[in-house]
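Per-chain residue numbering starts at 1, and chain names A, B and C are given in the order in which the chains are listed.
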Amino acid sequence: MAKRSARPFSVTDLPGFATIAILAFVALYVPILTLVAYSFNGATSVAVWGGFSLQWYVAAWDNTVVQAAAMRSLGIAACASVLATTVATMAALGTTRTAPFRGQTAIYVAINQPLMVPEIVTAVALLIFFAAIKVATGYTGLAYLVMAHTAFCIPFAYLPIRARLEGMDLSLETAAADLYASRWHTFRYVTLPLLAPGIAAGAMLAFVISLDDVVITEFVKSAGQDTLPTYMLGQMRRAITPETNAISTALLALTVLLLTAFFILTRKRD
Amino acid sequence: MSQAATAAVAVEGRNLVKAFGQGNAAVRALDDVSVTIAKGEFFTLLGPSGCGKTTLLRLIAGFESPTSGEILLDGRDITALPPNRRPVNTVFQSYALFPHLTVAQNVAFGLQMLGKPKAEVSATVERMLALVKLEAFAARRTSQLSGGQQQRVALARALAPAPQVLLLDEPLSALDLKLRKEMQTELKRLQTETGITFVFVTHDQEEALTMSDRVAVMSAGQILQTGTPRQIYTRPANRFVASFIGETNFLTARISGGAAHLAGGVIPLPAGTADTASATLAIRPEHLRLAPPGTPGALTATVAHSVYFGTDSHLHLRLADGAELVARQQTSADGAAGPEPGAEVGVMIAEGAVQVLQE
Amino acid sequence: MTRTAEQQQKAATTRRNWALSAPALLVLALFASGPLLIVLVYSFLRPGSYSGVEWEFTTEAWQGIFLTRDIFDGTLGWADAHLSIFWRSVKLSLTTTILTFAFGFPTAWFIATRPARARAFWLFLITIPFWTNLLIRTFAINEVIRNEGLMNTVLIKLGVIAEPIRVIYTDTAVLIGMTYVYLPLMVLPLFAAIDRFDMKLLEAGYDLYASRWQVLRRVVLPIVKPGIVAGSILVFVPSLGAYVTPRVLGGGKNMMIGNFIELQFGQGRNWPLGSALAMLLLLIVMVALLVYVRAATKGAPQGGH
């Protein structure tokens, strides 16, 4: 009689891999869930659990410093993502689905440059650059932050738009041109609507990236220009209260929301 | 006697069942299949896609485990052995050549895994590359080879460890027609030269007939008939086998007194054919011959239309009750046209050409 | 000389594409690439008395990275404090890369070998931390490892330990933090590489008598090597320049290069030294990227990208 092994041989199984993977997922999520759980802590200290409460959300909501930082974060993210997406869309149209042209690789490298330079280096560079401008012009407004964010958001906006463009059916535009549509009309009524999900995805990524930034903002901001992340970084140096957990959880929820939307937008055909 | 018979068996599958999925959704890819493959033979599993032939091959290779049943190799139960401990090698349909290794490294892989000494490995690799005529390509990357060359590398790689059985999973399906014909001859030559048992999976009946010592015809997870190509062709066990291999006319007839009664006449059958009210007769188109209407022993039919193929033409005929059959007519030397559509003809059936099928 | 229609067409394409890319390039030149040149210039200047720089060429800042002048006898010696920060940064970054690979490879393999539906789920699960704010994730791991955090609370409740394990504000804390924070960056490129891997090759490997370990080492790892290199770079580069994680988890004493650079622009008030350090960091990263490009183009089996 054949003795059957306990588990049939599976080609794709590698010993211990599933266990390590599950451990990794647990390790990834336990801290996040802990952070979320503590945000509902009824106690005044993070050290003890005082029952379920929304008090820290209320406290954060009522905190005028947090309010200002949140508004600033959202404002900068909105401006930077719109600007970055606009220029990235143009660049994507200029570098995708085109006959090879002089400088194509250079443009590609330049656009992706922020991905290759450590944030701290860019941060220091902008600190020096903006310090000089601040001295020269006397202007210390939010435009510095908006422009800095716009720059490092460009590659994040560019990539999904480019991917969408590359996956698009060229024959649709040829068909439109064949039907006597002008270049502008073809772009406005054929290319742009087809590209819209890519643009939306790019804008969303840019928004998330801007919202998340700590290092560059920390170096570029003038006094009193804290965004939510730099505010939280400042808090972490002092006594941490569950208020920070509440703000983190809210940001986390926003990220998950945007990410889900991003997935739905980019999933198109399948 | 049974001693001798056991010794000559290379692979034996006993009551193999393979179910995929669970409960009501379970599909039986193999439904109680038993098969015996003799040593040194070229054995072909033939059937349409989804018939279970590849599943059977993968069970022998060890990539899948049977739901129930046993697999014996050289008389030893290997059902529980993982694929890397079975002295069996596979030529994959997609070749599955290692893209990061050269041709020679691909061929050497199995030998190295078996821990063969370096000198032996390189000698065997050289011999194998010579066998498949790829000596000049030893240092190439596999991605630089044509489909036919990749096929040869896959063969050399699988033959190098000198397996007891070589499994070939539709290895020729990715090649174009001309190359496929070449490789058919090549495979047969390799099998004869090495003396290794080949188990070959294909859905191509011509491939099966030309290369195999024996063929097992499969359908819906079962083996319908096993036999030499000649047996399978001339004496198909049932309607599926008859229709899957070659072209066949099926006619319904009443059998009484050792003869089949049809709308167009009476056909004599071999002595001892049992009487029945309705039986299916299978007759190959090349066994029908036209005769002047009214010839004794001929069925009466009308020509519906004919299709000219060069070496022969297919005459589509209709009997009085509307039953259709096809007769294959060799083109005559003088190039004369056959009967016109609408003409009445007699149809002679070669002796022994009628096969009464069990339903 | 007259140009053919084809040449004119080509020139027009080039002009149009550059024009379309110009706004993006301008923003990047002004607010990303251009300022790097200023840093390079500053690294060759003398520090100002309060902050900023004096416009005088000197290589003192570059020398100052490695050498220091003794305050008592004025002799030059190795800048041990700087070197130990460098050494710590490189050591922590390399260890982080190795650890993320040790956990990331099985995780990526696990995701890639799930059935299609389950795979989308696991992939989404790895994507959420990937896009979640780095600060929040650092904060989250802090919740677990701090003295009154989840780990110590649970261990004390279980009676395993009596006193909390003091991990926070040590190199170990920074290492745990960076491994945690950068794990998704390792998993995603590995997943992409494994996803392209032809699983039939595993069957071929086993069919040719390889053990599980041999299949992993001789077949899988060489073929997914571009993914391994990509993941390693993606983890190593930000680890080396890490600022937030060592600042939150390492406290004031366990600085990495990133924090040391910040120090020069804050309390240290030595902008040229900070600039030189930043340039050196950039140089190391560029070398790492070059290694990556070479490894990825050489290692790709099908000629690839």
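Everything that follows uses one rule, which is that a contact is a pair of C-beta atoms (placed from the backbone, for glycine too) under 8 Å apart; a residue touches a chain by one contact, two chains touch by 3 or more.
Given the structure is predicted, the values throughout are model-derived calculations rather than measurements.
A.B. asks: Sort the chain contact graph into one of these: line, ring, star, complete or other.
C.D. replies: complete
A.B. asks: With contacts defined as at the top, give the pair, A-B or B-C, that has more of them.
C.D. replies: Taking the two pairs in turn, the one with more contacts turns out to be B-C.
A.B. asks: When the centre of a chain is set as the mean of its C-alpha atoms, what distance in Å lies between chain A and chain C?
C.D. replies: The separation of the two C-alpha centroids amounts to 17 Å.
A.B. asks: Just how far, in Å, is the C-alpha centre of chain B from the one of chain A?
C.D. replies: 58
A.B. asks: Distance-wise, how many Å sit between the C-alpha centres of chain B and chain C, to the nearest whole number?
C.D. replies: The separation of the two C-alpha centroids amounts to 58 Å.
A.B. asks: What are the residues of chain C that contact at least two other chains?
C.D. replies: 203, 206
A.B. asks: Two-or-more-chain contact residues of chain A, please, as numbers and ranges.
C.D. replies: In chain A, residues 11 touch at least two other chains, as defined above.
A.B. asks: What are the residues of chain B that contact at least two other chains?
C.D. replies: 62-63, 82-83
A.B. asks: Over in the complex, which chain B residues touch chain C? Could you list them?
C.D. replies: Residues of chain B touching chain C: 61-63, 82-85, 88-90, 92, 94, 96-100, 109-110, 113-114, 141, 143, 157-158, 161.
A.B. asks: Residue numbers of chain A touching chain C in their complex, please.
C.D. replies: Going through chain A, the ones touching chain C are 11-18, 20-25, 27-32, 34-35, 38, 46-47, 83-84, 86-88, 90-91, 93-95, 98-99, 101-104, 107, 110-111, 113-114, 116-129, 131-132, 147-148, 150-152, 154, 158, 208, 211-212, 214-215, 219, 229, 232-233, 236, 244-245, 248, 251-252, 255-256, 259, 263.
A.B. asks: What residues on chain C touch chain A, complex-wise?
C.D. replies: Touching chain A: residues 10, 13-14, 16-21, 23-25, 27-36, 38-39, 42, 52, 102-104, 106-107, 109-111, 113, 122, 124-129, 131-137, 139-144, 148-150, 180, 183-184, 187, 199, 202-203, 206, 212, 216, 237-238, 240-241, 243-244, 247-248, 257-258, 261-262, 265, 271, 274-275, 278-279, 281-282, 285-286, 289 of chain C.
A.B. asks: For a test of understanding, state which residues of chain A touch chain B in their complex under the given definition.
C.D. replies: On the chain A side, the touching residues are 1-5, 8-9, 11.
A.B. asks: Considering the complex alone, what residue numbers of chain B touch chain A?
C.D. replies: So the residues of chain B touching chain A come out as 62-65, 70, 77, 79-80, 82-83.
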